[in-house]
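My questions all concern the structure below.
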Amino acid sequence: MTTSTITKNDTQLQNRARILVKCPDKPGIVAVLSSFLHKHNANIIESNQYSSDPENGTFFIRIEYHCDHLVQKRDDMEKDFSVIAVKHDMEFSFHYRSIRQRAAIYVSKETHCLMELLWEWQNGDLEMDIAVVISNAEAARPIVEALGIPFYYIPANKDIREQVEQQQICLMDEYKVDVLILARYMQILTPNFVSHFENRIINIHHSFLPAFIGADPYTRAFNRGVKLIGATSHYVTNDLDEGPIIEQDVERVDHRSDVPDLKKIGRKIERRVLANAVKWHLENRIIVEGNKTIVFH
Amino acid sequence: MTTSTITKNDTQLQNRARILVKCPDKPGIVAVLSSFLHKHNANIIESNQYSSDPENGTFFIRIEYHCDHLVQKRDDMEKDFSVIAVKHDMEFSFHYRSIRQRAAIYVSKETHCLMELLWEWQNGDLEMDIAVVISNAEAARPIVEALGIPFYYIPANKDIREQVEQQQICLMDEYKVDVLILARYMQILTPNFVSHFENRIINIHHSFLPAFIGADPYTRAFNRGVKLIGATSHYVTNDLDEGPIIEQDVERVDHRSDVPDLKKIGRKIERRVLANAVKWHLENRIIVEGNKTIVFH
Amino acid sequence: MTTSTITKNDTQLQNRARILVKCPDKPGIVAVLSSFLHKHNANIIESNQYSSDPENGTFFIRIEYHCDHLVQKRDDMEKDFSVIAVKHDMEFSFHYRSIRQRAAIYVSKETHCLMELLWEWQNGDLEMDIAVVISNAEAARPIVEALGIPFYYIPANKDIREQVEQQQICLMDEYKVDVLILARYMQILTPNFVSHFENRIINIHHSFLPAFIGADPYTRAFNRGVKLIGATSHYVTNDLDEGPIIEQDVERVDHRSDVPDLKKIGRKIERRVLANAVKWHLENRIIVEGNKTIVFH
Amino acid sequence: MTTSTITKNDTQLQNRARILVKCPDKPGIVAVLSSFLHKHNANIIESNQYSSDPENGTFFIRIEYHCDHLVQKRDDMEKDFSVIAVKHDMEFSFHYRSIRQRAAIYVSKETHCLMELLWEWQNGDLEMDIAVVISNAEAARPIVEALGIPFYYIPANKDIREQVEQQQICLMDEYKVDVLILARYMQILTPNFVSHFENRIINIHHSFLPAFIGADPYTRAFNRGVKLIGATSHYVTNDLDEGPIIEQDVERVDHRSDVPDLKKIGRKIERRVLANAVKWHLENRIIVEGNKTIVFH
């Protein structure tokens, strides 16, 4: 993962990092990792692991650790670890808490998900810098610019999709964006765009997937007479609404709820589901494996 | 609705009844109904109403009332009301709490839903007599017969479906059954069978419909990587898993849950969702309108 | 209830009203009310009732109705109804949807509940005008004034409580305030102040009452090791945290949550619990009876 | 922990165990543990850890591991580990999945919690043998004896408390009981009894503690007008309803719920809360620390 600027001088965060590892499962993996950290005098703060199958499965682990003088030591540690990784056939990544991810938020006319993200972010609950907000509508401009965040109005529709996406890709480069958050951005993305940001585009879909894939889920939920409606946050792939699910939640509705009521209730679900998914992504709690996610809590 | 035997001599229940009405919405309907009840000296205990649209919509109301000497008065009241109903184009039904509905429970090998119903029933939470239990497996026989309830083992598969259903229809007649509860009965019913018991067959489907319609929903939920699994209770129609939904609920799962785990968690959801749906059916809280239900709480 | 300005010309709202009635329960009450409405050609849109005891209890009903030309007819209707009310010993109030309640929001340093109310209000989910915001801190000023809402900074502490409250009472008069919302306002109110606004001050307490009455509930929840934390919205009375409860909700926590975590999780509960309580108050869904509330959904 | 009989020959369970460790936190603890397991060729299946404070706090870990030929190796492993434990100031315990805990269930007149435990146990969800059921009522006898479980009717009241408890302690010895489950057993236990089974008596209290400590919580919940009722499972200490909380849950209620309704709803909460607490205890997921629990999920 590419990260970009150091934004916090807080000593504790300077000395905090996470390592994510994926490798074939076999006895001794945890011993290897914990001995490595101990050798560098790092203390494990939080550790979560999962094995797809204890016999010949794949092993995943996320460790958050504290290490004095981490800034000075981290290059050596990474170099040291790369030898271990080769030996045990590990994929791995290091993530330093002092290096915050840079996010781009995409939004259309409805701003409720954007508002929730801004709220959580101002509240200190989201470990990110908001590099830029992109919208195919002007609705969000005042609130975004009031916070000193660059706002780009880029009209979009299916006829100009490629030019629009080219412009967006340039902006993502210019602003050194790590993660793209689609906060009710109502445009379909092309495979080309998606491939630029694999497992780095987080979407919120306004239904409890796989129910009501595609357009207008609240109307279809109304017509089916469901007793719960939901929302789903997932990574974007080239299969519409089929990407790896990160988080879902539901609320109870009844026969009295018409479509506008469902939308109103749905907005509350969307807000909290997307905010959770983004939070976990930023905290490196999510590993994508095939079309599913491992989310370490 | 046909009901059958008087099973409780409790005076308060003797004097309690419910009326359900459906008619074109217009001003004055509630006045008509409440004046009718007042004229017969009945006191409204609970009243719920719903209009599909205050202007030219359809109006639905459920009223539970108390009336001294109801047993002696009810024929007169029904006769009196039938005149009113014609005048206002009403469909209606009276339901007397002293006349308990007679249920048949259908079950296959897995008995958890049956057990929950038996438990709630013994606990006094379900206003029904259990007339008979039908199964294509022997698993449930001991617990059912221990409670003095007739148990019929009727092997079933798609080759002998019609003969089996003929036998079941006869049993439903013989036992004067009002409502059929499919408590994880893993056989598809023919349109002929379903037509005999319109809006009187309650099924539990082991997914959050319309997600995972059809067979093996837990395996498909596992493969899709959903973060919540659910269950749905609905009336059976000729479209598989497409009948009017009565109740749904969900539980949180995560990447660690394999298919057997999902089934285990699912059983808890199935138990409570089916028990709620049956309870509301017996309390005449459900009105089927098109392919949806109105459930008055 | 005193209301003040007509803020919506929308025809449908002009013709919508609610009546709340409380009286001794006896047969015929609903007939009286529905006949009254029918006589004035009003159509019942929603109706909820509750009786503390069908025999000699107290009866409560909330009816929302539609009536063409309501603005012209409402004085006559009220006059007509007052005769009925005397006859049946009814307490009652009429509430016209075209006359929005005027709210004062009180807030201290933490603005999350205020933010949620502003969000819901901008979203059209709260039937109120925000007349004024009062705070003993400056934190909320920019966001409040950006929305064109008057903001008063009134420093407060227990030594100057009476002068402060006198000033606040004057402001409530000046701004013709109907309802006071304490959105995490961390000052105790005197009996004199409370008596000015009986059943019109809505507070949010940051615990699941009656657990952790008083100060610092999150610290005490942490020390007790509870597995759920909650929030409670209630009307303010002279007994601290003992007023009639309107709404409560909880979230799951575990041993890893320290006090700042609990506060963070708690803020989300507080936001939605207070917003719900305010919404139901504005929709006249709440009747206070003794130290409890009836909330009609 | 004393365990007693080998009840399963299933090979996989024979080779599964858990180790629980508590020690001062410092870098390298996980390395020590994982190297120990690796040395004995054990594979970590699941690992959860918690530190009260990464700097000078207390560290807790639960590791579930698989080890071929565990039955033959386990004495050596325990001996080997005891040296490590002394060096790092560790408290520890080993738990072998092939050695099921033996439970005594205590119950009074209300059998719903007992029924739930029996159901989960028959379903294979609870890793225990039910050694004996003790009751001060006869209600549960038929269902218990039908399952071949010894049932003892021991009338109890406060005048004969000591004799009764003496008899119960003898039975616990005779049946080699590891854990006592109070499944709505409505007798207060003396400090002497409690001291015999420290952190091994699990109770279900019918309120959301610390709200409504003591007798008759549903009546008090009704009188207070709460909008949620709950249940709490906790270890029994000498302070009534003050022991370490294991699990809590709630359900929504409203003004229509009278005390019998609350009890009915409460029974459902009690059933699932107690069943969860027992399950986690049997899976060695719970560590008691002071008056709180760490529950590893």
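Per-chain numbering from 1; labels A, B, C and D assigned in written order.
By our rule, a residue touches a chain if its C-beta (ideal position, glycine included) is under 8 Å from a C-beta of that chain, and two chains touch if they have at least 3 such contacts.
Predicted model, so just to flag it, every value in this text is computed and none were measured.
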Quiz item: Across the interfaces B-C and B-D, which one involves more C-beta pairs in contact?
Solution: B-C
Quiz item: Can you name the chain that lies farthest from chain B, using the mean of each chain's Cα atoms as its centre?
Solution: A
Self-check item: Centroid distance [mean C-alpha coordinates] between chain D and chain B, Å
Solution: 38
Self-check item: Interchain centroid distance [CA atoms averaged], chain C/chain D, Å
Solution: 43
Quiz item: So which stretches of chain B touch two or more other chains?
Solution: none
Quiz item: Can you name the residues of chain C that touch chain B in the complex?
Solution: 25-31, 33-35, 37-38, 41-47, 49, 51, 54, 66
Practice problem: Spell out the part of chain C that touches chain D in their complex, as residue ranges. | Solution: 50, 208-212, 224-228, 230, 244-250, 254-256, 291-295, 297
Practice problem: Would you mind writing out the residues of chain A in touch with chain C in their complex? | Solution: 112, 115, 119, 123, 125, 146, 264, 267-268, 272
